[in-house]
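Labels A, B and C are assigned to the chains in the order they are written; within every chain, residues are numbered from 1.
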Amino acid sequence: MTTLFGLPIQAISGQLLIGLINGSFYALLSLGLAIIFGLLRVINFAHGTQYMLGAVTAWLLLTVLNIGFWPSLVLAPLIVAVAGLLIERLFLRYLYGLDHLYSLLLTFGLALMIEGLMRDGFGAAGKPYSPPALLTGVVNLGFMILPIYRGFVVVASLIACLSVWLLIEKTKLGAYLRAATENSGLVQAFGVNVPKLLTFTYMLGAGLAALAGVLAAPIYQVSPLMGSNLIIIVFAVVVVGGMGSIMGAIVTGYALGLLEGLTKVFYPQASSIVIFVVMAIVLLVRPAGLFGREA
Amino acid sequence: MTEPHPLPHLQVRGLNGWYGESHVLHGVDIDVHEGETVTLLGRNGAGKTSTLRAITGLLKKREGVIKLKGRDLIGLPTYQAARAGIAYVPEERGIFAGLSVAENLTLPPKVAEGGMSVAEIYRLFPNLEERRNSQGTKLSGGEQQMLAMARVLRNGARLLLLDEPTEGLAPVIVQRIGEVLRTLKASGMTILLVEQNFRFARKVADRFYVMEHGRVVDHLTAAEVPDRLASLQTQLGV
Amino acid sequence: MSIATSTPLKTANDALGIGHLVGRALIVLALLALIAAPLAVYPVFLIKILCFALFAAAFNLLVGYVGLLSFGHAAFFGGAAYITAHTVKEWGFTPELGILAGVAFAATLGLVMGFLAIRRQGIYFAMVTLALSQMVYFVFLQAPFTHSEDGIQSVPQGLLFGIIDLSKPLPLYYTVLGAFLLGMVLIWRVVNSPFGNILAAIRENEPRAISLGYEVNRYKLAAFVISAALAGLAGAVKAIAFQLASLVDVTWQMSGEVILMTLLGGIGTLLGPVVGAALVTAMEHYFAATSIPAPVLIGGCFVACVMLFRRGIVGEIRHRLKARSSR
């Protein structure tokens, strides 16, 4: 068996793949957080909840309405985005003029409520969700066996991240978003309906989180608690990357996922804290974050 | 639509405005008629910029009457005031750093037919075309001012609000801005200008309002300026 | 950054903002009530409230008087509980030494976490403290001495100073009350000292404090350490009182709960956190019998407080009294 640093290469590539998959979720989630924070100045604590809701919605669509993975990949994010619309219209909108901490506390409270209700109704135990038939099975890449679905997750999240990047960097709507991030008053004075733009942005971020949740459903078990610790890791990712740059959020997400995977190979005990350690180091060396402009 | 305009293009009556608790506008009255260029003069802190911001709705806490072609703007959200037909060039120019020159230029959505095309704008401001892919804030101060003005010529609004377009710019550029303003005026644009540079304002404006402590304290036409020069200079502290 | 409150400088001097005499009379009344309370209410319940009240007051020192929202205070509360429980149970420390060890641990941890967290401001400060405390959580989860899910159980209560038998409810209650009062007096002293005035100045206008030549970060760090140590005191006392140190007390949910207590009672008021802690503890106690899950209740309170009631109970009372007296 081939080895690297005394470890079988199979094991290393296996952990790297897991790292890459986790990184895909970190990237999608921190991207959404960064977009929401950029424009709304809201730290969306409900982001992990929206990820969970994506997975749970897909599971419910399957079990209750017999709607499969592919339609769910679109439907579940849309449904969660509509829930996001309600949150923005009913609550967040009234907090924009206040200290940012209030919106953090509000979304924290909503996250607790939604997770508590789901746990009550859905049960804390994880539920399995099978990948679609098209993506089951494995391919042998020579140096490792790749389950097709896992490869798909990496590709799908890359496509989603790049699409969002293109949307923001290359379209008219993206130009509005970038401009409003700098000076939303002036963008309004030009006749752009910024309140609507804010709602849309929150929906986009929530939808991205839900997309990550649907993608995660066949890999992890679907459970009401799947997002609650994840959100804190994603916060650390965001502190490391700095929220000033969309690309920064994406790259940092993948990089930290990989690093976490590598840590699992070489020093498993530290794998759950390695991202926080990186965050501490970045705070010492470059407090504004790797890609950050201090907000 | 076809009847002659009994009302001014922009009518401001008894306008009061507040930043938080501080009361900055105390009953401002201003008329700007169709095709006219009117300048607000006054020292720093007299309330000129606040008046413009109150008209656009950026100054949210306001009372009184602001009518654009007879339509009351108070109570409308900022973006709807703009859509009623206002082209706004803010102080400090407000160029977006995260956008290229071309993106800055095409950012404001059209609010009415009849705005300039991008090609026409580039003809008026050739520098901007050369630099269209640069980051907006990498332009020189003069170019940024041109961009800030060019930006709102596309949107078709017929009322232009200009806040200190000449501030901190070299005389050559100021002259160029004067030419652009005269071109716009010739095209029938209604212009409300805030300006500290009286020499510049004198060359472009038809009428003047002098503001002090959030009130209009004086009003004169271009023809009256020579007789009133001395008193104006004390009022403006120039 | 300024969360919530108005009137920074005078607040603490005057706990309710209703004049010194009335205020003092109220404090004396409250003290008498606390001393007599075990006659009416089950001491264990009171002890729980006092521990959380001290925890919330420690947290409030930071958010209310320096304007720093820590989302990681459970690390100090639960961390100190672990250290106290371990030193008392495994190393045979006396209760007072065990509590001291817990407080020292919390202060040291506060120094490290504070040093890192004050490098960022505002919303980032909250995120950094949250992430760091989550790291602490994982360390405790994996460290063998904490017995992970089981926690450190049946911690011996022993004799405080060799004489006070803490296994009896009343001596235990008055010991906890003593620790609570000690903490409150310390907080009151800090807030009303020249040091406290500088903290208030930082909260109101940090750039101005910097331009006046204050080394803002040192003051912030000092406040962070004091707050962490007092949160640790609360956790340490709780470990002795309930003979238990568990993972629950180091989770981010616990950090959230202390925020809620403070928010509900009134950020930046001396008595607010105490009122909030009593209310949240009582609420959890009574709702435990119903079918409403605790997180839903806590979350709902958060939403209600943020949307409708940002001054908190004590803050609201103070505001109304002030509005009336200025009329």
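Brief remarks follow.
Operating definition for what follows: a residue touches a chain if its C-beta (ideal position, glycine included) is under 8 Å from a C-beta of that chain, and two chains touch if they have at least 3 such contacts.
If you're wondering where the values come from, they're calculated on a predicted model, not measured in any experiment.
Interchain contacts link the chains end to end along an open line, per the touch definition above.
The chain closest to the protein's centre is A, with centres computed as averages of CA atoms.
Here the chain pair with the top count of touching C-beta pairs is A-C.
Annotation: 44 Å between the Cα-based centres of subunit A and subunit B. Subunit A and subunit C have centres, each the mean of its CA atoms, that are 32 Å apart.
Rounded to whole angstrom, the centroid-to-centroid distance between subunit B and subunit C, based on C-alpha atoms, equals 54 Å. Counting partners per residue, subunit B has no residue that reaches two or more other chains. Considering their complex, residues 1-4, 69, 116-117, 119-120, 122-124, 126-128, 130-132, 134-135, 138-139, 141-142, 252-253, 256, 259, 263, 291, 293-303, 305-307, 310 of subunit C touch subunit A. If you check the complex, the residues on subunit A that touch subunit C are 37, 41, 43, 91, 94-95, 98-102, 104-106, 108-117, 119-120, 229, 232-233, 235-236, 238-239, 269, 272-273, 276-277, 279-280, 283-284, 287, 295.
Per the touch definition, subunit A reaches subunit B in the complex via residues 172, 175-176, 178-179, 181-183, 185-195. Interface of subunit B with subunit A (complex): residues 56-58, 77-83, 86, 88, 90, 94, 96-99, 103, 106-109, 111, 152, 155.
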